[in-house]
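If you scroll down you'll find the structure; I have some questions about it.
Lettered A, B, C and D in written order, each chain numbered from 1.
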Amino acid sequence: MSAAPEFEVAAWLNAKGPVSLAALRGKVVAVYAFQMLCPGCVSHGIPQAKRLRQAFGRDELEVLGLHTVFEHHAVMTPAALQAFIHEYRIDFPVGIDQPSNTGALPLTMAHYRLRGTPTLLLFDRQGVLREQLFGIVEDLRLGALLGRLVAEAAPVDTARCNDGVCHI
Amino acid sequence: MSAAPEFEVAAWLNAKGPVSLAALRGKVVAVYAFQMLCPGCVSHGIPQAKRLRQAFGRDELEVLGLHTVFEHHAVMTPAALQAFIHEYRIDFPVGIDQPSNTGALPLTMAHYRLRGTPTLLLFDRQGVLREQLFGIVEDLRLGALLGRLVAEAAPVDTARCNDGVCHI
Amino acid sequence: MSAAPEFEVAAWLNAKGPVSLAALRGKVVAVYAFQMLCPGCVSHGIPQAKRLRQAFGRDELEVLGLHTVFEHHAVMTPAALQAFIHEYRIDFPVGIDQPSNTGALPLTMAHYRLRGTPTLLLFDRQGVLREQLFGIVEDLRLGALLGRLVAEAAPVDTARCNDGVCHI
Amino acid sequence: MSAAPEFEVAAWLNAKGPVSLAALRGKVVAVYAFQMLCPGCVSHGIPQAKRLRQAFGRDELEVLGLHTVFEHHAVMTPAALQAFIHEYRIDFPVGIDQPSNTGALPLTMAHYRLRGTPTLLLFDRQGVLREQLFGIVEDLRLGALLGRLVAEAAPVDTARCNDGVCHI
């Protein structure tokens, strides 16, 4: 399996700069695709994302949000999302999935063929998409999935290797 | 005690026409003042309002929402509220508290001196404001309050009375 | 309707002396029939009974337990019940329904034709059985039922009346 | 680290025969030390044990109960435990920790220096005790711990190896 394609994102909120899967290589990455007006996202996905942030160290797991607006485009604007992030005290980076010029689905959502929101994407330390979970995911099951992924070996840092010889 | 002042509302959503406390005289009325981006309103107030709608008959209790926007005015617009009502499957009338020309607080919120959202207002069968409850209200306590109010006698329908003699 | 028959109880735990419905005349009385090894009683009934104790004043509502053992008689003994009451920090009186000499059902349970546990019995201020609720009862509904019962007038204290003339 | 000592158990309920940690070598083992009259065990530990049984395969995780009676000895008898197991529909093996002749603490509880109930013991595939968790454990954290343990390599089955050559 090869590394998953990068997200196509109009802007990252709650982040110091652009976020990329490539830059997170070496960590497990959990991405919550959500919409701020999706009840299951608000009652289940966002609180679970915050619990994830507490349960794992930053060095082993990165938690991201991805605002995949596929309905009510006129009101789920970047400004509305910003207010939502503030009120729900979300402290992880949230990307705004790039709107399409031709259809309702934003680009990353279409590219990853998401079925709706909430969807949880789990990427391993190599950047490979390992799970795409639509709907409610039980904490115990999610913990188990992530525990296994975190236990996998991190990739060799190829920048430190040359002709197969690696230095510190 | 006298009947409470009418709400100052820009528009009623989910209703066939304007709603007034006067027209509801004879019923107990529970009004949830909320904001669509207020986490406690979404996780607690709205679900409780829906349970209320199931637990009492329409002939004895009316449930209303009142969208009292006092922050994030630019994004909690009537169109956004309409989408929220649709997604959260709210089936009771929701009034939009009339924005002020001079301050952040909408007119009804200011008039009733609400402390924030969610706030639950309980009016008795005479239209008198009997409880103004800010924050989380336990189901058992709320049921007890409403059970007592519902048990009170309905007002004599004065339109049917003349010189103290009432006919059917 | 006339006052309900007294409970047939082998012993009262958590009480200073025998408890009788007659002595509680004037208050609403909520009685939880339960078994200490009944999962629904432990997860739902007992916690709700404790919430009831907090939500209403002692002058208007009395909360009682009734241990109606109809299975596992050998292990749901008075001593086991005493330990249960201690561990679950139950602070209202609990009667032990009088075992039958001839069958599995204890006497009060048989007399009141209870369908199982948990069952909640609600008596009004006159001592009349008004509700017999088998299984899980939602807090909002229970609050409403009790709010209405509490709102009913207390009985005239006939001991203070003579030939229709009542003194304080 | 070496394999943990075996449990000292008076009897195993819900099992076809004696259960031993040695016989489970190669699997991760989660053991809930509980008492049937311990509220936190009943409301939290037992339901979580059942969720664990659903979330992991039998080939990778074994779930056991250990009834560590250190109070109310007279009523938390094997017969009472049997009724408890029946009523709470527990379908994993439960060992009765061997009572002490000299003190309140049963032998395994004393040996493992458990602080109380519920306590969750996690053994790795080598039979080494890796976690001893007293009190409430969040599902997400527990899933993560077990996911990591399950991801560890199973021990080489030394009985199948001779002079470093292993056959099936």
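We take it that a contact is a pair of C-beta atoms (placed from the backbone, for glycine too) under 8 Å apart; a residue touches a chain by one contact, two chains touch by 3 or more.
All of these numbers come straight from a predicted model, not from anything done at the bench.
Looking at the partners of chain C and chain D together, they share no chain. Chain centres here are C-alpha means, and the one lying farthest from chain C is A. Distance from the chain B centre to the chain C centre is 36 Å, each centre being the mean of its Cα atoms.
Separation between the centroids of chain B and chain D, computed from CA atoms only, is 53 Å.
Chain contacts: chain B has no residue touching two or more partner chains. Here, these are the chain pairs in contact: A-B, A-D, B-C, C-D.
By the touch rule above, chain D contacts chain C in their complex via residues 37-39, 42-43, 72, 74-77, 79-80, 83-84, 87-88. Chain A meets chain D in the complex at residues 48, 51-52, 55-56, 138-152.
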